[in-house]
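Note that the chains take the letters A, B, C and D in the order they are written out, and that residue 1 is the start of every chain.
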Amino acid sequence: MIEVVVQFFRDYPLLWTFVKAVVLASFTLLIPLAVIWVERKVAGFIQSRLGPLHVGPQGTFQTVADALKLLLKEDIVPSGADKRFFYIAPYIAFISTVLSFMVLPFAPGWVALEMNVAVLFVIGVSLFNVVSILMAGWSSNNKYSLLGGLRAVAQLLSYEIPMVLSVLAVVFYTGSLSLTGIVEYQVKHGWLIWQPPIMIAALIYFICALAEINRTPFDLPEAESELVSGFNTEYSGMRFAFFFASEFANNFFITAFAAALFFGGWDGPILPPIVWTFLKVFVMIFVFMWVRWTPPRLRIDQILRFAWQFLVPVSLVNLLFAIVLGVR
Amino acid sequence: MNEALQHLLKQLGEAVSEWTQVGANEVRLTVSPEHWREVVQFLHDDALWQMDYPADLTVWDTGTGFGVYLRLWSSVHNHNVIVLTSISREQPRIASLATLYPGLNWHEREMYDMYGVIFEGHPNLKRILLPDDWEGFPFRKDYVAEPSGDPLHGPQPVD
Amino acid sequence: MRTRQPATEQYNPLAVFIEGLSTLFYGMLVTWRNFWRPKVTVRYPYQRKPMPPRYRGLFYLKWNEEKQRLNCVGCTLCAQACPTDVISMVKLGKGTNAGVSEFTMDLGRCLFCNLCVEACPFDAIYMGPAYELASERRDAALFRIADLAQGGEEAVRTNIETVQRLMAEEEKARPAAGGHAG
Amino acid sequence: MSMPVSPEKQSTLSTVDILSQGMVINVGPQHPSTHGVLRLILTLDGEQILHCEPVIGYLHRGLEKMMERRPYRHNVPFTDRLDYLAALSNNLGICQCIERLGGVEVPERAQYIRVLLMELQRIASHLVFLGTFGTDLGATTMFLYAFRERELVLDLLEECTGARLTYNWIRVGGVPDDLPEGFGEKVLGFVKTFRQRLEEYDQLLTRNRIFRSRTQGIGILPKELALAYGTSGPVIRASGMAYDVRKAAPYEVYDRVEFDVPVHEQGDVWARYLVRMEEMRQSIRIIEQVLRDIPDGPVQTKLPKVFKPPAGIAYSRIESPRGELSFMMVSDGSPNPLRVHIRAPSFVNLSVLPSLLEGTKVADLVAILGSIDVVLGEIDR
């Protein structure tokens, strides 16, 4: 029976990819539930609170309950909104996240779409996120949303560059554009984080990642105290849930991507590879949250100045080092 | 303080109709409304006074007229001065001090809001706490507050 | 209009970056320490903090076990002390043994300022530890004597009986003075 | 959204024309960082604020008029609702004013208790500032930490006064009751914890580079402007003017305790923040001295049932956590005051906001507004 199914998918590889995509899409929808729960617990513990406790053991089902609530909520579209863009923006954000998950290697062979230009692909599709934020901010017909959207675009684009440059350092170092290839290189040669130029690249990546997923100190696009909620002010119900889910899925992805690039992906002793991937991801997510709940946020001009005056030149120089040292 | 007070009385003797010294560094002056601006300007400019801090300004309804109360403080000499005057109910007008002390801007607006006292020369004399379309001046003693009225838009006629 | 923006000091990105990172790490030590500290929140509906003895919550009329009546004699001093006219009462009887047959507090207007308690010379009205007084209905803020008296309905009934009995006894003891009430 | 453009101009709109139009944006009355029902009408050029107009009055209850209709001592509970984060200082303000009007003496022990409560209240109020200021700038955790410690103060105050927010625990002629048993030790215990926690706040926020770059050089209020506007409290002290009513006109026993008035010269958001942080430390000092020196004795002067002060005008001024809180009362000899006026520090401090905001960024708006630390309850009265 299984052989028949396997044979069927072997005959139609595109269909097999489609199945994997569907599985990944549901994964992308489900992983935020876990990440949000962790976030709440970490925030609570850091802030001398207990976090969610009521629904399920230790409040594990709180996010599920919230998701159900969001699904059942009325779909409100502000009058004067650009309806087409308003409707489509959250899904674009979500799709861009799902697409980036497609090339993520969770374990040897556990990758939905084996691609030899995976890194480029990730950089490409993650830019869709920016488009969706701009669409959401613009189409909401709300000044706060517009300001939040514009801020977000300026910030995300600025930090995309040093991020790409630091990723490129890894690419040049390993000589591979494929994520699986990069991880396999690390399995052979040890984790890249211990190589000096990559260490700096990892630091820059870490900072840029904070900015890319809108975490304090770079959470300007949705700075609550200034812009109410930023670009998603007018969103509610399902559409908001998609924005929210894509943000946290992005959080997961960006750490998984970092794990693959710098921390050897699934590489690790004793435990099975998939456990190692998740372990690394959740440790990094914890660090992200830890950072998030510590400092205040920067101002938009400070953020941009930091990116252009510091991160871009440093990552460029670092890239040069990586190229020189990486050539063997 | 004494010296400064003598100086003030010499300069503006006819404007100050009554004065009392309370404690070591506080004086209360009663002036006529025509000299209101003049006296305060003097207190503000004079080297012996230098009343540079506008602490408080308010109005009260005595039933027959309005009393005006201004409290100033000098950061240089630690003098406290209370300037009092009274204005008539029919012509509730007095010179504005908002250009002299920007801090009195809102106080004067509030007193206009509540008592309808016109501060002449105020740059932006309009209601501050109440809505712009409020009718009447609610802190006057003869103001009839109708509890049945629309709370947002003043008393409504009751039939 | 841009003149108000302060001239930025010599901006050295690297120094700022290192300082920023180190102070961030320094701050993260604080959050890390607090991560492991005992939590201070209370799971409210399940767990409650004890209220201090002076807490000013819902009123009660003190029940005098010995005399089998409420301490209140209906002197209206509390009603006079109240800034917002919360209290109204119906006096029962007269003289030193008088009591109340009705005592109503409209807590919708109450400031919980304690002035009525301080005004009472008879030790009759107090504020207790109950604090969950919110309601969806306006009339739920109206607390009648049975809601306020220690002992509820039964105490009120006993109170009226006691006061009436005392009145009758007084009447019996001094039949001549019956006509003129003070 | 933008100012109207005449049709003939519309056809020849250049880039410069578009930039020169302001976007009008409403901040509040419902907004996370206006700290109440304050509305600011901002005209923006991108993220730059061209003009700001505060709109107040959403919380106006006519307290001053209400007070004219009630006997003097009935008015004390209403003052709880002015600056609801520092209700005790309002209580003290009105009681002092009535005491001056009627020539009432306050027993010494009551004066000490008043000072003790006042300083605890100052700490509680500044902690609210610290927490909300942290949230305004994005440091959400600071909010929870500050409120955690404020809870300790509120527990103390609750034990003493029986209420958590609207205390109404100061009466004309003293305080209604003595301190509860063992209150001094509890306060000292709190002081000990709080000292350590202040260090922690410094480590978490004050020394943070991001925090400093968000606050330093922002919203500069020059000394002259601060004086001319009549600002008070931490706002004026951060502008280099050592004006503290506790020193300028000592009331209660403030002339018997030792404390410093923190002054900073810069006049920016950072300076205002530092002044408040330092004030909390000074409050601790005062609390310790008060607990050391407090004498025994009665806590309340007996007053007649119907209190009729002689006709006249009296005013009192105290240093509330937000600045100079002044009550002014006119008496005509009847049991009710003829006029009660409240000089609310926030009201005056807020009037300086438009001139602070011009030319700054939207993101700085919340920092500047937070650093002024207004409470709408006393602005609107």
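FYI, contacts are C-beta pairs under 8 Å (C-beta built on N, C-alpha and C of every residue); 3 or more make two chains touch, one makes a residue touch a chain.
For clarity, every value in this text was computed on a predicted model and none was experimentally measured.
Undergrad: If you average the Cα atoms of each chain, whose average lands nearest the overall Cα average?
TA: Checking distances from each chain centre to the full centroid gives D.
Undergrad: Name the chain whose C-alpha centroid is most distant from the C-alpha centroid of chain D.
TA: So the farthest one, by centre of C-alpha atoms, is A.
Undergrad: What's the distance between the Cα centroids of chain C and chain D, rounded to whole Å?
TA: Inter-chain centre distance comes to 26 Å.
Undergrad: Between chain B and chain C, what is the gap in Å from one C-alpha centre to the other?
TA: That gives a centre separation of 40 Å.
Undergrad: Provide the C-alpha centroid distance between chain A and chain B, rounded to the nearest whole angstrom.
TA: 62
Undergrad: Could you please state the distance in Å, as a whole number, between where the Cα atoms of chain A are centred and where those of chain D are centred?
TA: Chain centres of chain A and chain D, defined by C-alpha means, are spaced 43 Å apart.
Undergrad: Residues touching two or more other chains, restricted to chain D: which are they?
TA: 141, 145, 148, 204-205, 208, 210, 213
Undergrad: Could you list the positions in chain C whose residues touch two or more of the other chains?
TA: Those would be 16, 24, 27, 30-31, 34, 40.
Undergrad: Please set out, as single numbers or ranges, the residues of chain A touching at least two other chains.
TA: Expected reply: 46-49, 217, 293-295.
Undergrad: I'd like to see which chains touch which, written out pair by pair.
TA: A-C, A-D, B-D, C-D
Undergrad: For the complex, give me every residue of chain C touching chain A.
TA: Residues in contact with chain A: 11, 13-14, 16-17, 24, 27-28, 30-32, 34-35, 37, 39-41, 43.
Undergrad: Using the touch definition from the top, list the residues of chain D that touch chain C in their complex.
TA: Residues 48, 50, 70, 73-78, 80, 141, 145, 148, 151, 158-163, 166, 168, 176-177, 180, 200, 203-205, 207-210, 213, 217-218, 220, 268, 358-360.
Undergrad: Note which residues of chain A are touching chain C in the complex, please.
TA: Checking each residue of chain A against chain C gives 42, 44-50, 53, 217, 290-291, 293-295, 305-306, 309-310.
Undergrad: Mind pulling up the chain B residues that touch chain D in the complex?
TA: Residues in contact with chain D: 28, 52-56, 58, 60-62, 67, 69, 71, 73, 75, 78, 80, 82, 84, 101-107, 110, 114, 128-131, 138-139, 145.
Undergrad: Provide the residue numbers of chain C that touch chain D in the complex, in ascending order.
TA: My answer: residues 1-6, 8, 16, 19-20, 23-24, 26-27, 29-31, 33-34, 40, 52-56, 81-83, 111-115, 118, 127.
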